[in-house]
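Below are the structure tokens for one structure; questions will follow.
Letters are used for the chains, namely A, B and C, taken in the order the chains are written, and counting of residues starts over at 1 for each.
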Amino acid sequence: MKRLRNFAQALAATCLALSVAPAFADKANDTLKVAFTGEINNVDSYFNTTRGGVVLQRAIWDGLVHRDTATGEYVGNLATSWEWIDDTTLEFKLREGVVFHDGSPFTADDVVGTVEFIANPDSGVVTQRFVSWLAGAEKIDDLTVRLNLAEVFPSALEYLSGPISIYPSDYYAEVGPDGMGLKPIGTGPYRVESVKPGESYLLKKNEDYFDGPKGSPDIGTIDIRTIPDVNTQIAELFTGNINVAWRLPSDLAQKLDGTPGVMVTSASSIRVGFLMMDSAGRTGDTPLTDVRVRQAINHAINRQEMVDSLLKGGSKVVNTPCFPEQFGCVQEYVEYQYDPEKAKALLAEAGYDDGLSIEIYAFSNQDYVEAVAGYLSQVGITLDIKMLKFPAVLDKMMNDAAPMVFMSSGSWSLNDVSAIISEFFKHGAVDFARDDEILEWLDVADTAVDPEVRKEYYGKAIMKITEQAYWAPMFSYNTFYAFTDDVDYTPTNDEILHFVNMKWK
Amino acid sequence: MINFVLRRLGLALLVSLTVSFLSFMLIFLSGDPAVAIAGEGASMADIEAVRSQYGFDRPILVQYFAWLGQAVQGNFGNSYYFNLPVTDLVADRLSVTVKLGLCGMGFALITAIPLGVIAAMRPNSIVDRTALLFSVVGQAIPSFWFGLILIVVFAVQLRWLPASGTDSWKNFVMPTIVLGYYAMPAIMRLTRAGMLDVLNSDFIRTARAKGSSELRVMFKHGLRNAIIPVVSLAAVQMGFMLGGSIVVESIFALNGAGYLAWESIARNDLPTVQALILIFSMFYIVFTLIADVLNACLDPRMRSS
Amino acid sequence: MTQTVTNPTGAAFDRDPLLEQILGPTPGQMLRRRVLGHQGLLIGGAVIALLALMAIFAPLIAPHDPFAQSLMNRMEPPVFLGGSWEHPLGTDHLGRDYLSRLIYGARVSLLIGVVAAVISGVIGTTMGVAAGYFGGRVDAVVTFLINVRLAMPVVLVALAVVAILGGSLTVVTTVVGLLLWDRFAVVMRASTRQVRAREYVAAARAVGASTPRILLTEIMPNIANNLIVVVTLEMAHAILIEAALSFLGLGVQPPTPSWGLMVSEGKTMMLFEPWLVLIPGAVLFTLVLAINLMGDGLRDVTAPENRN
């Protein structure tokens, strides 16, 4: 009996020790542990479209130019200067002395090799919209290179500062995208130690990183694990098994704030949420072809209340089909105030006094969709919610089977409205409006060299989109980050974790 | 005996073939694979590029036989999502699932058999009723809910165990309990019923009359006879468990085959889903085949037709 | 369990514990189970009756509209955690009354349980009775189909199908119903074989009764007891699968108040507001437990032929 009691005491003591002993061992061994929610299909940035993929891209590779997130200015990165030779030719002087992670020197050949590869449609780059404006590249000398554009493309620098990074051309030619995904090599602040596809990624500080505009890496090891469930991430954060969790739900972030050892910050994001409505009648006979119904839906949703209670943080109500601070997102629009009575009146006028029922498809933000359904039910519109996975929703959209969709777009972190308005209103498969006039204006805006002309035509499009209530623009998002309190980092508004700027406190 | 084994083997093969065709067809009904391959956030141009690259245009039957021909050689094609061989991807994850399955079954057996024996020794006692209650609860408790409760208590409140991952044995404790508890009730009930049967039989009474100790009666004579059907039930349950680990793996973020299956369904990753349904089915088919042959060896009545 | 009915393939499903228990428990077991079972039957029956009444009279009982949201009153705690009697079980992430959603949720679970059990019951019983009565080729085909069905992982296949067709109450119920017929077929096949061998069936055949007549008047009444037991247990099974599918996000669609969906929606806040997960999970658990208790009880009280 006594022995039993001793054993019990020992057990209790062990448990107690286990429960209070802090597991924050990471600062000591200079390893930052990060949780990603989604799996990345291929680390090669031209072959994935995930957020996590963008984070890795910025850590492993560099682009020719860099956009300062604070000032919005473009500065040289792998290039030191550039010059427009004509409307479709851009010449770069390259930085000297840069080496790839495998020790090979960075030269004009790498730029030419990368650009020629991604510009070729046969290469099968999945992020076509980032590269289709490129026709090719030619080497002038070892440190001078010219990019040839396929068309006049005013936002070239924006794309070159973001999604387009330079790969070591010989190595890439040898291993291809799959090999690059498993053993990535770049010039970036972090080199890849190991990749377990879909599971984990281990990065080490690039000791030879050049003194560029991104800054220099501080933390020695970045250990990224895929943890799909956000609660599990939080549980791991509590126990110090991870240091960084991001894109957290707002409620959770709010509750986490104030937990000892955990620090929560948020950054407003360029991501905009909106309802797409089948105004063109592609799904057949739908009430949504009536502009009054679409306007009624716009009036019926209390977006401010959603922002205040659901999204929180730096989110804002948005009245345009783009993020207000994006280039070209002219803030002249028709505004729809929250006014359920007016919505009812509009519906009555359209002949729907008895109410109507519409299917809505969505793949994320179930709570927002449910809230929208709640508001619409107040004015007599019943939403039949279909939560599907993303591919299934896109499939419905492309096959004209979705009368209404709740969607969000982060413009791929591009600070230019062509990444959102032109994507959705140029008669592509996901264009629900199919407005010829808007198409014409966007064609002008997308290819005009003069920024003022671009703004003018995007502005026309925005005015018509809001006037016709083709969409119900909802709000901008806001990214919540949680760190263990030994991490020093200020998040940016591009929904990207910049490891290079993270430090230990 | 040989005859029986051959017949049983033939049936297993036929079942495998049917299952393979069904899983192939099932997944083929799904949406546009090009969309799935291009991934979330892809633009229209991206998707077109993918579609032209892969070309999903052959007749379904042709695709099935081509796929089956490769599959029997262990080649399930490349995952649409990762663009890596499905076989490599699955092999990697399957080890986690099998490990989990074995742990779960081990847990179920070491709790169920003693409980079943004790319950049978003292029928209708408090112990028996408690064991029965335990099994009734096990049958009724939703495993996703049970798993969440364990996480809240043991990972967050007490901080004894990690909530996710596969780094050490500690990661497997909670998933093992959840999965094992799912298989436990059936095994416990069968053990108890078997023991009761055997204990009421003549030879046990003879053994008792001869003055064998109660423990000896229980284990030497009783359990040895009662355990045969339990073993074959365990084999069958093991097949079910592997297929059912999908919920447990998703809760504890165990990077196993079940979790891969769930994710692959979400991303329309057809080759991976096809391979996994087939593999999980094959597990069941092989386990039951072994159980049946085993039983036939032990119990001649099973062989007769 | 000594009376296992053998079949040409000696298939493993013949050792399903339920089958063993239905077909051949010993008298001692029977007696004990009857005693225990009556308790279980009473408790289980009472709980089910209560939940069924709750489901039927949901509009009268529920204090609020289960769909009425109030974003200003989100995640208010239940009254026993410091909340108000306005929302006795608190509100969910959209400010909807949790108690009302629970009450309406009983409708979803019970509906899915009953309808899925009927669908699978019709399929499985037809197959099982045909196999057991006719034997030979019919039996071989049914045995084969049962084997195929058992080999397919239920949750995985259900997930895949729902992902393709899109989740809704109808789709989920149908898919679950189409997948869960195996136990009906197994048990009905074995029961029919047992009954078929009895004298009165032979007698009926001897006097020239037609096959449908024998099936309806001689076989069915004598296997009905076993059927009822399987129906209850498969109801519980269907309810659990629906909850699991909804939990994994591929079940019934929001804002339908399904208990599995409620657990799933509450899961995000599980670490801070555990009651959001605990309450719907506990109710789900109670219902399934009650159905299982009733099933066990029914098994003990009925099946007189098997009492030797």
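As a convention for this text, a contact is a pair of C-beta atoms (placed from the backbone, for glycine too) under 8 Å apart; a residue touches a chain by one contact, two chains touch by 3 or more.
Not measured: the values here are computed from a predicted model.
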Taking every chain's C-alpha mean, which one sits closest to the mean of all protein C-alpha atoms? B
Longest centre-to-centre distance from subunit B, chain (CA-based): A
Any idea which two chains share the most contacting C-beta pairs? B-C
With chain centres defined as C-alpha means, what is the inter-centre distance between subunit A and subunit B in Å? 38
As a quick test, compute the distance in whole Å between the mean CA positions of subunit A and subunit C. 44
List the centre-to-centre spacing of subunit B and subunit C in whole Å, with centres computed as mean CA coordinates. 21
Junction residues of subunit A - those touching two or more other chains: 229, 231, 235, 389, 392
Indicate the residues of subunit B shared as contacts by at least two other chains. 30-31, 148, 151, 156, 250, 265-266
Residues touching two or more other chains, restricted to subunit C: which are they? 163-164, 267, 270-271
Name, in rising order, each residue of subunit B that touches subunit C in their complex. 4, 7-8, 11, 14-16, 18-19, 22-23, 26-27, 29-31, 123-124, 129, 132, 136-137, 139-145, 148-149, 151-152, 156, 186, 189-190, 193-194, 196-197, 200, 229, 232-233, 235-236, 239-240, 242-244, 246-247, 250, 258, 261-262, 265-266, 273, 276-277, 280-281, 284-285, 288, 291-292, 295-296, 301-305
Which residues of subunit A touch subunit C once you look at their complex with the stated criterion? 229-231, 234-235, 249, 251-252, 255, 302, 305-306, 308-310, 366-367, 369-371, 373-374, 377, 384-389, 392
Residue numbers on subunit C that touch subunit B, as the complex places them: 1-2, 6, 8-13, 15, 17, 20-21, 25-26, 28-29, 32, 35-36, 40, 144, 147-148, 150-157, 159-161, 163-164, 236, 240, 243-244, 247-248, 250, 260, 263, 267, 270-271, 274, 277-278, 281, 284-285, 288-289, 292-293, 296
Please output the residues of subunit C touching subunit A within their complex, sorted ascending. 67-69, 71-72, 74-75, 93-94, 163-164, 166-168, 249, 253-255, 265, 267-272
Subunit B residues touching subunit A in their complex are 30-32, 35-50, 53, 81-84, 89, 92, 148, 151, 155-156, 158-160, 162-165, 250-253, 255, 259, 263, 265-268
